[in-house]
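The structure is given below, and queries will be raised subsequently.
Chain lettering (A, B and C) follows the sequence in which the chains are written, and residue indices restart at 1 in each chain.
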Amino acid sequence: MPTETKGSASPLFSSDDAERSCSVTLQFEGETLTVPAGVTVAAALLLQGVAPFRTTPVTSAPRAPYCMMGVCFECLVEVDGKPSRQACLTTVRDGMLIKRQLGASALVIPEEGDENER
Amino acid sequence: MRKEEVIVVGGGVVGAAIAFGVAKGGTPVTLLDQGDIADRASRGNFGLVWIQSKGHGFPRYARWCREAIDHWKPLATELKELTGVDVDLRQPGGFWIGFSDAEMRAREAMLEGLKNTGPGVPYQMLDHAELRARLPAIGPKVAGGSWCPLDGHVNPLKLLHALHAGLKALGAEVFSSVDVSEVRHRPAGGFVVKSSEGRTWSGARVVLAAGLGNKHLAAQVGLHAPVEPNRGQVLITERLKPFLPYPTNKARQTAEGTVQLGYSVEDVGFDDGTTASAIESIAKRAVATFPILSDVRLVRAWGALRVMTPDGHPIYQESTSCPGAFVTTSHSGVSLAGTHTYIVGPWVAGLAPAPDAIGEFSGDRYLDPSRSFSNAH
Amino acid sequence: MNASTIDLVIVGAGPAGLAAATEARTWGLSVAVLDEQPATGGQIYRGVDTSTAKARSVLGEDYAAGALLTKAFVQSGARHIAGASVWNVSRDLTVNYLLDGVSRVLQARSIILASGAMERPFPVPGWTLPGVMGAGAAQILIKNAGAFPSDPVVLAGCGPLLYLLAVQYLQAGVKLKAVVHTTQRADYLRAMRYLPAALLGWQDLRKGMRMLQQLRRHNVPVYAGAEAISVKGKDRAEALCFTHKGREHCIETSLVLLHQGVVPNTQISLSLRAKHNWSDTQLCWLPETDDYGQIEDTRIYIAGDSRGIVGAKASAEQGRLAAIAIASKLQSPGESGRKARENLVRAELRKHLRIRPFLEAMYRPMAAHRMPADDAVVVCRCEEVTAGQIRKYVEVGCHGPNQTKAFGRCGMGPCQGRLCGLTVTELIAQARDVSPQVVGYYRIRPPIKPVTLGELAG
C-alpha cells in the first residue's frame, strides 16, 4: 500500500499562521518541518498533509487520526525513538524526531558489547 | 438422556479437554459450563506448556507431566483438523531466568534431582554469557538461566475455543450459563446433576472439573477436593514485531506479537482484581529481564484465580462410595491438556483402565495427618 | 514513592472537574485535579485560555464562557497536575498516574471521576480510512491549532454538535459541501413528547433552531433523513455516500467529519466494578450512583458526562453537588450554609437537564449506524475484527463480549474497547435477540491509559 509522504497530497487542514507568533522545527522522516508552537503532533502533521500516520499490525491498513483526544489510538507515531506515542496527546517541541509506525513496533536488540545499564 | 452418558461439570480447559477425550471415544457426553460468569481460571492462564521443574518431590507427577508434553502435538493437530482452529502451539524449548547465584544454585539442584528420577527431564544451566548467546535481548542484571528443549507455549484462549468447537463437531451437548449446585448419586446407579435454576441432567457417570467449585461439589459424592483460590496477576503488552522466539518462565511473546509477563502468587480469597504494586513489580522484572521492553506499552493487566490444592499438585480420583463420580483438578490445565484428552477422558468414560498409580493423585492424601503440604511456587 | 493524603482527588479538568474543585475549595478541602492535557477545560473548553482570537470568535460564547470556570479554578487554590495520565483508580482511594515518564500515586480521602465523554463510534463502511474524523476531532483542531478544513468539507451523522460545527465553520468562512444528517420525521415525532419540558429549557432549544436557520441562510446543501452512510476510498477517504429519498448519492471529498452523539467515558468506573446499566434512551452504559454521584458506599463519586450525557453546564452542577456531598462527609455535618448551597446547585442542575430527553429522542443514532448490516464493516479498529466475524462468534456459542476474546482478538487492542465496546455489545444482543443489559460489556482492567513497562518499573 503506498505511503504518501508529506506534500504529495494537499493538507486536509490549514491554519492562519499569522496569529501564532511562535513556531518550532521538527524532523519528520528525515524532512524538516516548521510547525506552530503549542499544537499537538497530530495537528502539526495534519497541517503538513501527512497521510497516513501509520499502518496497522494486522493488515498494514493505512490509518490517520480519528478522535484527536486520545481514545482511538489511530495517531500512533514514533517520537524521539519511542514507539506507539499518541500524536494527539503530544505537544510539538523543537528538535523532535517523528517517524511513522509501520505495523507493530520493532524492538532493536543491542549488539554484543553494547550493554545498556538501566 | 441415555444412561451411558458422561456428564462433565465445568467447561474450562480441564473439563473441556476431558469431555473431548470422552467424546472422541464415542461415548455420549454432556458438558455443563458457567460460561461468561465463570471464574474461568482458563482465561487467565499464562499459556506455558512446561515440563522443566515439574514434579519436584512427586515422581509420579513428574512422569505425568512428561507424558503430557508428548501428547500436545497430536492434540493440536487433531484440533486443527477437526475445527480449523490453530492453537499456536510452539515447542522450541524454553528458559527459566535467574537473577542471582543463589537462585541459580537452587535451580540446578532441583533440576539435577528431577533429571535423575523418573522420566529424566533434560536441562542445561547457562551463565549470563551463554544465555545471552541464545537470547540476545537478555539484560545485564540476569545472572543466567536453565534451558529445557522440551518446553513450549500455546494460546490458552484458542485452546479453549478449539476444545469447545471440537466438542460441537463431535456432537457433544454443551450447556452454557449453567451453575451446577448439586450432584446426587442414585442408589440404583447413575447421577442427577442440578443447576441453581432447577434444571437437571442425569447420566451414568459424572466428572467434576469445576475448578474452585469442585470443593463443595466433590463432598456431595464422597470425594475430598480442598481447593482454594490463589491469585496470579499477568500483564500483556501491545503487539511487537517478533524478537523472542523462546518462551521463558515469566515472559513469552505470543504468536500475535504481544508479550505476556508474569506473575504474582497471592492468597487473597476470591478477588481476581489487580494491584498497582503487583503490576509495578512484574514490570520491573520484565525490564530487568529484557531492557528493550522499557518503552513498550502495557495494554492490559488481569488477575485470575488458580485452582490450588494444598500441595499444588492435581487430584484425579474416582469415588468409592459413589462409583462413576470423578473429581479432576489441576492448575496446569494447559500443559496437561493432552493427557486430559487422551488418558483421563477414556478412563472416566470407562473405556480404559485407570492410569497406573492414579491413587497417588487421590484427594484423600490431604487427610493424612502425618503429611504436611506446601504449594509454594 | 511518597503519598500524602489529599481530601479530594479529581480525575478530569473539564467542566465537572473544574466546578467540583472550585466548590470543594470553598468548603476548605484540599484538592488535586489530574488531567492529561497541558491546560484545563477538558475537551469542550479545550484551549479556552490559549486559543487564537479567530478560533474564539468562531467557537462562540458558550465556549468562551468556559474561561469563567478555568479562571475560578486558578483562583481557588486547587492543585492542578497537568499532563497526568491516570492509569489506575482503586477502591482504597489510591490513584496511580503517569507524569513526566514516572509512575506516581496519590492517596485520597475521596475521589471524583470526571472523565467526560467521547464521540460515539460510527461503524460504517470506510470509517477507518485516513481523512475520516469525528466532528469533535475537528473542533479540537480549531481549539488546539486554529486549524480549519482546506477544502469544502462534508459533515454526516446526527446530533447538535454536527450543526454546531457546521455553523462554526460558516463563521470561519469554511465552505460546507454538504451536511448529511439522519434525523427523520419519526425522530421529530418521538421528540415532540418531550417538547413541553424542552420548552422550559427554551434557550437551548432556540440555539438549536438558530443553527439550522443559519445553514439554510447560507444555502448549505442539507440532506435530511439520510440513511446508509458510507465512506468510499482506497487508501484514504474519497467520497461520502448515502441514500436520500430513495436515491443513492456520493459526494466527492477527502475529508469526512462524522458524528452521532457522545457517550460517557466509563473506563474508570467499569474498572472499579461499579454496576452499570444499559440505557435505552442514551444507548450506552450508565454507572449506577445515588443522586450525588456516589458509587455504592465508597467515597468515589462520578460527575459530568462520564456519568451520563448531560452537557457542560449540567456537568458543572453535578461536580458542585458531588463536592458538597464530599464536604459533608469529610467535615462536620449539619452546616446550614451547605444545604442552602446544595438547593441552589440542584435548581441549576434541574434547569440544565430539561432539554435532555428531547435531545435524546430527536438525535437518536440510527440502528444501522450502530449495528452495521454489512458484515465487512470493521468494528474493532485496533485488531480489525469485522461485524461479520462477531456475528459468527455468536453463531458458534459466544454469549458475551468477554468470550469474544477466546474466538478472536476483538477488544484486545490499545484502545481497550473504547471504540468497539458499544458496537460489540449491541451486535451480540441483536444476534442473540436479547437486551444489551443481558449481554453485558467488556471487563475493563488497568492500565486505564497505556503506560510503558519502564515507566511502571520506575
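Here are a few things to note about the model shown:
The criterion applied here is as follows: a residue touches a chain if its C-beta (ideal position, glycine included) is under 8 Å from a C-beta of that chain, and two chains touch if they have at least 3 such contacts.
Just so it is clear, the model here is predicted, and its values are computed rather than measured.
Closest to the middle of the protein, by Cα centroid, lies chain C.
For the interfaces B-C and A-B, the C-beta contact count is higher for B-C.
Taking each chain's centre as the average of its CA atoms, subunit A and subunit C sit 25 Å apart.
Note: centroid distance subunit B to subunit C, computed from Cα atoms, is 41 Å. Taking each chain's centre as the mean of its C-alpha atoms, subunit A lies 43 Å from subunit B. Across the assembly, subunit C contributes 413-414, 450, 452, 454 as residues in contact with two or more other chains.
Subunit B has residues 238, 287, 293-297 in contact with two or more other chains. Shared contact sites, meaning residues of subunit A that touch two or more other chains, fall at 82, 84, 118. The residues of subunit B lying in touch with subunit C in their complex are 35-36, 43, 157-158, 160-161, 164-165, 168, 174, 176-177, 235, 237-238, 256, 261, 273-276, 279-280, 283-284, 286-288, 293-302. Across the interface of their complex, subunit A is touched by residues 36, 38, 43, 50, 52-54, 118-119, 128-134, 136-138, 140-141, 144-151, 235-236, 254-255, 265, 381-384, 413-415, 418-419, 449-450, 452, 454 of subunit C. Listed in rising order, the residues of subunit A touching subunit C in the complex are 1-2, 4, 9-16, 19-20, 36, 38-40, 43-44, 46-47, 51-53, 56, 58-59, 61-74, 76, 82, 84, 88-89, 91, 118.
Within the complex, the subunit A residues that touch subunit B are 57, 81-84, 103-110, 112, 115-118.
Partner subunit B is touched in their complex by these residues of subunit C: 88, 90, 94, 96, 103, 105, 273, 396-397, 399-400, 402-403, 405-407, 409, 412-414, 416, 440, 445-447, 450-454, 456-458.
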